[in-house]
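As written, the chain order gives the labels A, B, C and D, with residue 1 at the start of each chain.
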Amino acid sequence: MTPILSAANVSKHYGAIRAVDDVSFTVAPGEIFGVIGPNGSGKTTLFNCVLGQIRPDGGRVAFQDRDITGAGPLALSRLGIGRTFQSLQVFGGLTVRDNVIAAAQEHRGTLWSRLFAAPEIGLGAKADETLALFELAPHAGKLAGGLSYGQQKLLDMAMAFMADPALVMLDEPAAGVNPRLIEMIRQLLQRLNRERGTTFVVIEHNMDFVMALCQRIMVLAEGRVLAVGTPAEIRSNPAVLEAYLGA
Amino acid sequence: MFADLAQLTISGLATGAIYALAAMGFTLLWQTSSTINFAQGEFVMVPAFIMLGFLGIGMPLIFAFALTLAASALIFGVGFKRAVVDPMIRHGVLPLAIAAMALSLALQQGVKLVFGAEARSVPDILPDGVTRIVGVAVSYRDVGVLVISFVLILGLQLFLARTLTGRAMQASAQNPDGARVLGINVDRMILYTFLANAALASIAALLVTPIYLAKFDLGGPLGLKAFCAAIIGGFNQMHGALAGGLLIGVIENLTGAYFAPQYKDAAALVLFVIVILFKPEGLFGRREERRV
Amino acid sequence: MAKTTRREALGILGGAAAVGLARPAIAQQPQTVKFVNVVELSGAGVTSGTNWRDGIELAVRELNAAGGILGRRIEVQHLDTASNPGQARALVTRAIDQDPYILFGPVFSGSVMVSMAVAQEARMPQFTGGEATAITAQGNPYIFRTSFSQVQAMPKVAAYLKDQVRAQSVSIIWVNNDFGKGGRDAIMAELQRRGVRVAIDVSTEQNQVDFSSAVLRAKNANADALFVYLNEDESARILREIRRQGYDKPIIGETVLPSQQVIELAGDAANGIRGHVGLTVNAPIPAIQDFSRRFQAAFNRISDHNGIKGFFAVHVVNAVTKRLGRFDRQAFAEAMKNIRITTADAPGVLMDVSYDDKGNLDRDSFLVEVRNGRQEVVAVLPPIGRS
Amino acid sequence: MRTALRIAALVAILAALIVAPQYLRNYGIYLLSLWSLFAIAAMGLNLTLGYAGQMSLAQAAFLGIGAYAVALLVKAGVPFWVGVPLATLVAFAVGLLLGFPALRVQHHYLAFATLGFNVLVYLAIRNEDWLTGGSMGIGQVMGFAGMPRPSIFGYSLRRGIDFYYLCLAMLCLSTLLVWLLLRSPWGRAFAALRDNPVRAESLAIDIRAYTLLAFAIGAGLAGFAGAFYAPLVQLFDPSPFGLLESLSLLLMVVVGGSGRFWGPHIGAALVLLLPHWLQALLPAWLGPPDQWYLFVFGIAVLVLLTWCPGGLLAIPDRLRARAQ
């Protein structure tokens, strides 16, 4: 089976610092793949290289066998790669419902057909369904900027799923969220993975969350791959322990 | 031919030095408090009228100017910061810039209401007269403006680079949080930059109004040139403002003489648009990380 | 008088009642007569407009003190066009809504050109300070000048340049607005007709500050004389620059360059300039000098030609209305055709004047020179009709 | 209930606007016509600035492009009603071009770039007098009767009042179209672009296309307003299309409430109509409001912005937020 996402020898240097150094990995369709590592291990840089925010100095990135090295965020989202951001990223001046519709509308029709389309562009039902799934239905008519932090985090995630992406990249979904919500997010992600077959790549600091969520985990340290394996394998890997404790 | 070029360049430099004075203060405010001061031209225009007021009651020029400096420090230093910038800054760069536009409108119209719309002549502190250097007529006035501007700008640079207060001001501009940790009173340092801006503008008023004439709408064109100078030179570099101002002054004159006088005003703007599009950090500026 | 339509009547009622955009117009007291003056009280035309307004004010005050026009008190309202033609047109509309007897202004020709049709449509006599040739070439029977047009004045300037200055070539520096452009076109034509070469023709900006390149170009053209046609502030600035660059050929102007405001603003740099003026307080005419003293007493400044024009305009209205014996706009406009008014008849017009059938006037004019910071009249030129 | 109330208010205001000229004389009618057109242009700027978040200080330039385009087309023999869409299209196309700098620079840099553009347009109109009549105005090339007022279905709109109804109709049409546009997916995309362009791009929203469109549509509306401004004033010169007018349009949008649907209508009324109402309502010893209005207005805007930067229409929200 071809991997849904593969990176081969990806490198990114800032002067003498090798932020990402010859990293390769593959993600199979339907997998939940975690990326962890101490601070400064290159997680975010790698993420940005894959997502086209930064152009890598070397290596290749492919999505479903299609070369996407250096392709911009617009191209990737059009291909069906969803993502969330480390910091909150919703459209504060739009209602919650409009936020989720905005997240999917560009996948329907052409630029010109959208001008003349009905306001909800046929996404009304899907928006309500998604909002219900993320427990945001009671807030549908509120301005997104007025939601609590946790609600905005959920909305951010809901937006990433609106366009039925095959792959979603999550940048620290558990950061700054209370334990009850973390648990809810974990269950939601696993449910989406199970029911819709969505593939996830997750960058996360919260070890418990990653271990409970992911099927396979890659550990980065100083820009290089330290280990790849199941949560159990990673937990018992002495090199990983050393990297974390040593750091 | 050479003499003409030299002549144009010298008077262009003198005009440009004035732009630079206004542009410097502009850059200062931007660096320390993200203020795009659209009323910068009025900060030059109003002191001219304050000075005329003092002169009108028979005060000698030097005293009148000293009092003007004090008044403008109070109004455009302390007052502007406390009444406009402090409450607006949390709303963002753009609302603050628009508030400055409203201020500029109010100042222009206020002066017009009080002093009328007619131009008034202002006494000159610089000597009148011309000297010839290798066939080029150089006026004492141009030389005076250039020298005063250079001394001021270099003095300010030295102050910022060499003195404790100056460095604290720079630190407050570049990294306010860090500066606070070091025990610097950031708010006070920012206030100093506002005072410096007010002082620069008053001196610019003293230098330009004998030629520009004191008129309620003189700030518009001057402010516009100052923006252009600041951006062309680099919004985050003090010497950029100087270079930008001088460059505009000279380019305008050369355009007027050798290309198309009716597009003289466009010269600075064309240069400015090109710089904005291809080197937005300015010709001499540092690249700023784009903050999202 | 214009017929009051049903709509207007309604408008007056409604205006008084509610919105207030319409103020009572016809409901003025019978013993007053209304003037509206639409003029440049700020912007590039501020000096002209302010003098014009003050001239009108002085005439109105004096006439009112002497019992008004035909026993009616004059009420005058001044509106500021900000030297913006669009604004001028709007304000002329507004002025006409007030139903005045006579409309005054604007002074800037561009503003006159865009607004005069509005007054014409309302059959409203309009006294303008504008000098553009086109103003009286539209066949508008309600427009009247208070000074020469540029085509009347420029022949005098061109003849002066050729015959007295003996210039075979002339450099021209002009301001690129309606005033400057009109004057430049007129002088170019007159110079060419007389075989005087235009060595260079330099346009400058309204609000321009640095004139070094303009003066340098004129200087390098090496013509026998320089003709400067700018507004007041810019004239003062360019004179300083001209002196600075040590230009030593004759500098000639028309009306503005040797005017009071320019001399005041330019200081010593104005000395030696020569030019033609249609009106000046320095004219060797007792009535004008007396006017000048009264003007200075009232407004604490020396009137320029526009002050005289405003004063003159009110007195023409007074003289013609007296002849008619009633307030009738249509009759007034007709009476203005080919009229001749002498100072014996109406001392307020200051100099004998005659109008043609298009609204152009003719009278003496003056050649002046600035000496020691004062404008001095060096010659009186006869009216064109007699020259 | 609230919707019903709003519709009722809207109908009442529209009725007042239709009846008003009966109680006004020429100048009042002229001012209302001017208000209608400036409200359209301000709506365009509100779209660019308020909804799509793109700073523009060149709105008056587009008004001028529309006015000159329609006048020159009519002079060339093109019927007015063909000239209007063409003039709008020209402004739209130039607006599209002006959008390109916005792809590279943002915020204040963009403000300056558009400001520079406005000055260049102004200088070009003024200097190229073979085409535009330069500083002498359009009369120089079209004759001093100026731009003729159009007819509609054979009915001449020469009289001020008839032309006012045309302007009002165009305002209603523009308002409706903008409302539909803002409700459409495009409106949502504009808001997304304004609130968070990075996030928008990750959701397949083509921010380049929408930035260009925001500029172009805003410019197109100004051009459309300009196409009616020309026959309203009939004779015009470059001065209404300079930097000051752009600033004035910006203040209209900001005062009314940037990103608020009715902000431009209210802002334009404050700038254009209020001084004349004040004239009638205030005691005479205050002097004619023309003299001090702009001063007071500038101060008022300053105070409003420091207290409530969202503009007048944001005040209720702000009061509510305070009460809580």
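In this text, a residue touches a chain if its C-beta (ideal position, glycine included) is under 8 Å from a C-beta of that chain, and two chains touch if they have at least 3 such contacts.
Because the structure is a prediction, the values reported are computed rather than measured.
For chain A, the chain whose average C-alpha position is most distant is C. Work out the mean CA point of chain B and of chain D, and you get 32 Å between them.
Annotation: 75 Å between the Cα-based centres of chain A and chain C.
Distance between chain centres (mean CA atoms), chain C to chain D: 35 Å. Chain centres here are Cα averages; for chain A and chain B they lie 49 Å apart. In chain D, the residues that reach two or more other chains under the touch definition are 126-127, 198, 291. Those residues of chain C in touch with two or more other chains are numbered 176. In chain B, 112, 262, 265 are the positions where the chain touches two or more neighbouring chains simultaneously. Listed by label, the pairs of touching chains are A-D, B-C, B-D, C-D. On the side of chain D, the complex with chain A involves touching residues 181, 183-186, 188-189, 191-192, 194-196, 198-207, 209, 259. If you check the complex, the residues on chain B that touch chain D are 36, 83-84, 87-88, 91, 93-95, 97-99, 101-110, 112-113, 220, 224, 227-228, 231, 262-263, 265-266, 269-270, 272-273, 276-277, 280, 290, 292.
Contacts from chain C toward chain B in the complex involve residues 41-43, 46-47, 50, 176, 202-205, 207-210, 212-214, 216-217, 220, 232-233, 236-237, 240, 244-246, 261, 264-265, 267-268. Residues of chain D that touch chain B in their complex: 55, 101, 104-109, 111-113, 115-117, 119-120, 123, 126-127, 198, 243-244, 247, 250-251, 254, 291-292, 294-295, 297-299, 301-302, 305-307, 309. Residues 7-8, 10-11, 13-15, 17-23, 25, 79-80, 84-86, 89-90, 93-94, 96-97, 110, 113-114, 117, 134, 138, 176-178, 181-182 of chain C touch chain D in their complex.
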